[in-house]
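Two complexes are shown next, each including chain A; its partner changes from chain B in the first to chain C in the second.
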Partner chain A sequence: MQIVYKVVMIGDFGVGKTSLVQRFINNSFSEEYLSTIGVSIAKKTTEHSTIMLWDIEGHTEFKPIFKQYLLGAKGFILVGDMTRIDTIKALQHHIELCHGIVPDVPIVIALNKADIENIENAEVLQQVEKISSHIVKVLKTSAKSGEHVEELFHALDKAVIEGL
Partner chain B sequence: MILDTINRLICQKHKTSFMLFDKNFKLLDFNELLKDIVDDEVSLTFGEDIREIVWSFIGLEEELLALFRNEKKLIHIPMILKNDHYYDLDIEILETQEGEKLFIAYFIYKSKNSIEYIEMIKEINKKTLINETSKDQERQMLLNKELISFTVDLDGIIVALNDALAYFLHLEKDKIQGSHFSTFFQTRNLLLEDKNIIFTAKNPANKVIYFNATVLPLTKNGKIYENMIICQDISYLQEVKKKLEYVSEFDTLTALPNKNYLLQEIDRHSMVHKSFVIAYIDIKNFTEINKEYGFHAGDMLLKHIAKLLEDMMRVEDIVARIGSNQFAVLFQISYKNLLSTLERIKHIPLNTPLIYSKEDKIDFSFYMVTAQYPEEAENTQAIMEILEKKMLREKVQ
Partner chain C sequence: MKNQESKEEETQALEDALSPIVNKLIDKNYETSKDKIASQMAPLIGSAIREQIKSQKDDVVDALYPVMGNMISKYVTQSLEDLLDKINTQIQNGLSMRALKRKITAKIKGVSETELLLSEMTSSYIQSVLLIHKETGLVLAHIENQTLNEPEMLASMMTAIRSFVNDWVEQSGSYQELGEIDYGGNKIIIEASGYSYLAVIVQGGAYKTTYDAIRVCLENIVLHHGDAIREFNGDLSVLDQEALKKEMLPLLALQDQEQLPQKKQPIHPLLYLILVSMLGFGGYSYYKHYQAQQLQKRLQNLLYTTPQLTLYRLTPHIEGEQVVLDGEVPAQYYKDLAQKIVKKQLKTSTLQNNIVVVQSFTDPQQISSYIAYLLQGFAMQEGVHLHYIYNYPILTLEGSVWNPSQKEKILKKLVEIKGVQKVYDKIVIAPPLPITTLYFSKGKRSLSTEAQAKLIRFTKKLMRFNIKGKLFITIYSDTLGSKKANALLSQHRAKAIKDFLLSKVRVHNPLSVEIKLSPPKGINPKKQPAKARCATIALTKEDKI
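Coming up: the complex of A and B.
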């Protein structure tokens, strides 16, 4: 029997949330940047589940993440941009937000844009894993090359199914 | 057909889709507009589970239960993108005449103007991201390089320099050493007499960079033998200065000169005894327009009027926004030659209402009074006072 559940992508704006969804759903990538406003919902069917992926607008200093989008999520994918250290540091704040709305659900973290010259600050990256015990995986991803994108979604899928 | 005709018509008029479902999430009723929201392959069949029809319901089960138990009044999820349209999803409880509690979900379409607004935000985000990324890269480069510093002898010849200077100039160190510092940096103080001096230099991209140069004399036995110069990039201060100058004289919404600028112009004209006429315009019921159509519509109206006024004026006339809903025009022409122009301005509201959206045409009107220099007043303050008094009289009438 197929399990149907909701997953929300969270991160600062421009970190590549939509690109990761596009890579996972359509196996495609576009260099053009068009920020997401509001939420776009995509569906992906895997062997055992149907995932409803909520690709929500990125957090900016002018606009916080709208909490309503997080309701009922069974898992979160948090995304940081490896070329912008602020977006990695902001992950802690995003995790607190997720736990505040839906506690005890698995989280995977994508450190995206690993294909381009990036900060590779080992200390910061190690800290990411320690932010929460609900983090099941931290992966350096590239929506452009597809590196670790499938693994990212499958790690969360597995954790969600096991937790049900 | 559970929902009555009036409600259906209201939904139709406001381009709102709805679906009615029971506590088991079974679809009971909907209107035709819902077809725009669901995927083509989805069949809208009564009794179908609504989570199979609209994806946004998946995960909302607990929230719906809370709604059913009256623990909350509304579920509101804004700005859902579907099939190139944005809509807000509002879910409420509807009690039938028989006392049965049902859920009603409204899918409220965003108007064309909202979409234009969204596109504008996207464009701004795009530009911000590009700036942010390039700033990060620059910052990263700076982290790798120290502040620019170099040492000059008493004749100003560079005798030593750090990597940052070579990096900034994109030159090998030996190409810089031995040259006078003025080869690379421009300053009014070539003798380095002050402790802090402003240097300018062009980077390889030909952009002028401003530096605050700190001069540290190096001494031996109490005598200065060389000067060490440490340069800090202060170009951002120039940018800040430019922005402040702009904000102090221009209105950021309409891009028109502001009151400050207009007063300076009036001063300038009256000082050289150049005759002119000022028309003072005050939009009627602007607060009500904001209330009825929203602040975005109010802003659009101000931009609309600003453009119409600008289009109507000659190059030498100055249109300014001098208050929240007030404009003024400085005409460098005598009053008698201005009558037809003033007449045309009066007809602006009648001829060109703001078409805010397909559904919303915003009619507006304004008060207009004029004052002449030097006939009615001799200085800026007196002119503004006359205009205020005339405006007050006009409003009372």
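Coming up: the complex of A and C.
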């Protein structure tokens, strides 16, 4: 089988979506913050498949997520910032948005910036898993250190291939 | 005041002392940190140029002119050279089918051929063709002339841009799709269907033919692979890649045809011309042949239905532009008649009349009557007494003529008759037996003038027919008077004749004289005394006459 599919990274601005992609693709990290405008696309070829990663512009109060970018996705990576509780609370809204566009696809959640001092609000974190039955995995990640980044993508890859 | 002066002096001294060191430091810094200085200076340079243009525009123009002028002229020269090369190539292929097509198109559209030629010069070159899944931006299939880096990335980005533009346009209340993206001299043409779209990367201009080809290509893909594309869930192996590429290939072939005609070895245009000429010549020849046949038929029919010519087998032939008449007729009249009839029917062709006039009467009856006619003519001559037997083809002639020259003349004429192959000559040469009677006046012993004339005529006849025989002279008497006187008179008369023949007209024939003291037979001397006083001269004796 020659599998190729689309995965969309979703989360509020500055949660580290682009950094996670950079770590996964190039195994690199930059402290410099460059806001993604529109969409940035990356390709990762794994043993079984080719993943087209759509790293879209982060959600802000003034700018909603552009729904068209979600079309046809086979999986979603939702990212929250462990140092900003509102970004984690917003995950529920993002998941609803995803299901609204593409129902029944696997989702993995990255709680990013785990390397720095964070809120560690156990109650909030536990609730994240319960938002949707389609959540395959919730991982505390760090793009900076690379912690759980590989696992994050592999978990989604596996779920997508199984679901085909 | 003093304080101030000393301060200024100090500053001056300090400047003098530090200047060389600072300059040295700047130089050193410049040497060691060129990159850093460049990055620090870069934004300043931009601002500085802008400021300078704002205030001293002419200065900037003057400063850049030598560089910009050269750059522009170099670019323009290069472009013109390229155009010239392409035009040269087109002219070299001037007799190609495309050139003919261009000429016809120019006539139909009413535009100049040059305009069409220039539009061909700037023909499109299709670099790559990508079939992209509309929602996900995944590449379903792609073909390319030049290797395209990361087609998947391009496809995804294209999809993102397309989605963005379409959404943005939708918000403004109308539903319109992004058709193409231009960059530099190139463009990406987008042709979308329900679940997929084609992104065609074109170098140079794109023309109606290009768009039409793209549309046809997508239509074929949707027609043959629409269901598979709709059901696509990421597994590329469910799509027939080879078949998809085959559908897309015509687009690259389109480029081959337009951009690189010199790579193909097209059939030489002269071959087309030769082929067309041969077909034309063949058609023309067949048409001419058909026409000739029709004319020949018509002429033959016409000659046959002319009553005078029905008997004779006359055949008209068409040889190129000439009509040739063949056949045999017995007279010139028929030949002329045939020529007259045929000539009336001809418009442009010339006529060659090869009809032969053959005067051959092979009918024995006809030949026989011709012989009879000829002999009848000859019989009118003196001394000719002939009859014939004609047993085809042999003629037997019997009878007599007076002399050999007469016979020779007759035979010569008869041999000339066609149908007479052989003549049996049984003609006898029988000269005439001349006789003449001379009359004497009463008591006269000499010859009268009339008698002399008669003798001359008689002698001439002898000589003409070369008669050698003996001449018998017989003297008659009217028995009037005494016997003695009559006998003497008769002797004188005989002598007068003999003398005249021997001395005057000099005949060589021997002479014999007989004196009869009586009148000729059947003459009564009392009633016709003048007729009794006579003498006859003949080749035979009197009793044989």
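By our rule, the second predicted complex is superposed on the first by the 164 of 164 C-alpha atoms of A that agree within 3 Å, B and C clash if a C-alpha of one lies under 4 Å from a C-alpha of the other, contacts with A are read in each partner's own complex, and residues count from 1 in each chain.
Keep this in mind: a contact is a pair of C-beta atoms (placed from the backbone, for glycine too) under 8 Å apart; a residue touches a chain by one contact, two chains touch by 3 or more.
Only a predicted model underlies this, so the values are computations on that prediction, with no experimental measurement involved.
Undergrad: Could you check whether chain B and chain C clash or fit when both are placed on chain A?
TA: On the shared chain A, the partners clash.
Undergrad: Counting only touches as set out at the top, which of chain B and chain C does A:Ile41 meet: first, second, both, neither?
TA: It touches chain B and chain C both.
Undergrad: Please indicate which partner A:Leu164 is in contact with in the superposed arrangement: first for chain B, second for chain C, both, or neither.
TA: second
Undergrad: Which partner does A:Arg84 contact after superposing on A: first (chain B), second (chain C), both, neither?
TA: In the superposed model, A:Arg84 contacts chain B only, not chain C.
Undergrad: Considering only the touch criterion stated at the top, classify A:Phe13 as touching first (chain B), second (chain C), both, or neither.
TA: After superposition on chain A, A:Phe13 lies in contact with chain B alone.
Undergrad: Can A:His93 be said to touch chain B (first), chain C (second), both, or neither?
TA: neither
Undergrad: Is A:Gln68 contacted by the first partner chain B, the second partner chain C, both or neither?
TA: both
Undergrad: Which partner does A:His154 reach: the first (chain B), the second (chain C), both, or neither?
TA: A:His154 contacts neither chain B nor chain C.
Undergrad: According to the stated criteria, A:Val4 is in contact with first (chain B), second (chain C), both, or neither; which is it?
TA: So A:Val4 meets both chain B and chain C here.
Undergrad: Of the candidate stretches 23-31, 77-85, 203-211 or 329-337, which in chain C collides with chain B after aligning the structures?
TA: Only one listed stretch clashes with chain B, namely 203-211.
Undergrad: Could you give the residue numbers on chain A that contact chain B in one complex and chain C in the other?
TA: On chain A, the residues that contact chain B in one structure and chain C in the other are 4-6, 38-39, 41, 43, 52, 66, 68-69, 71-74.
Undergrad: Can you list the chain C residues touching chain A in their complex?
TA: Residue list for chain C touching chain A: 133-139, 150, 152-153, 156-157, 160, 163-164, 166-167, 233-237.
Undergrad: Okay, in this complex, where on chain A does chain B touch?
TA: My answer: residues 4-6, 13-14, 33-41, 43, 52, 57, 60, 66, 68-69, 71-74, 83-85, 119.
Undergrad: In the complex formed with chain A, which residues of chain B make contact?
TA: Within the complex, chain B touches chain A at residues 51, 55-56, 58-63, 75-82, 86, 118, 121-122, 125-126, 128-130, 132-133, 136-137, 140.
Undergrad: What does chain A use to touch chain C in their complex?
TA: For chain A paired with chain C, touching residues are 1-6, 38-39, 41-43, 49-50, 52, 54, 66, 68-69, 71-74, 160, 164.
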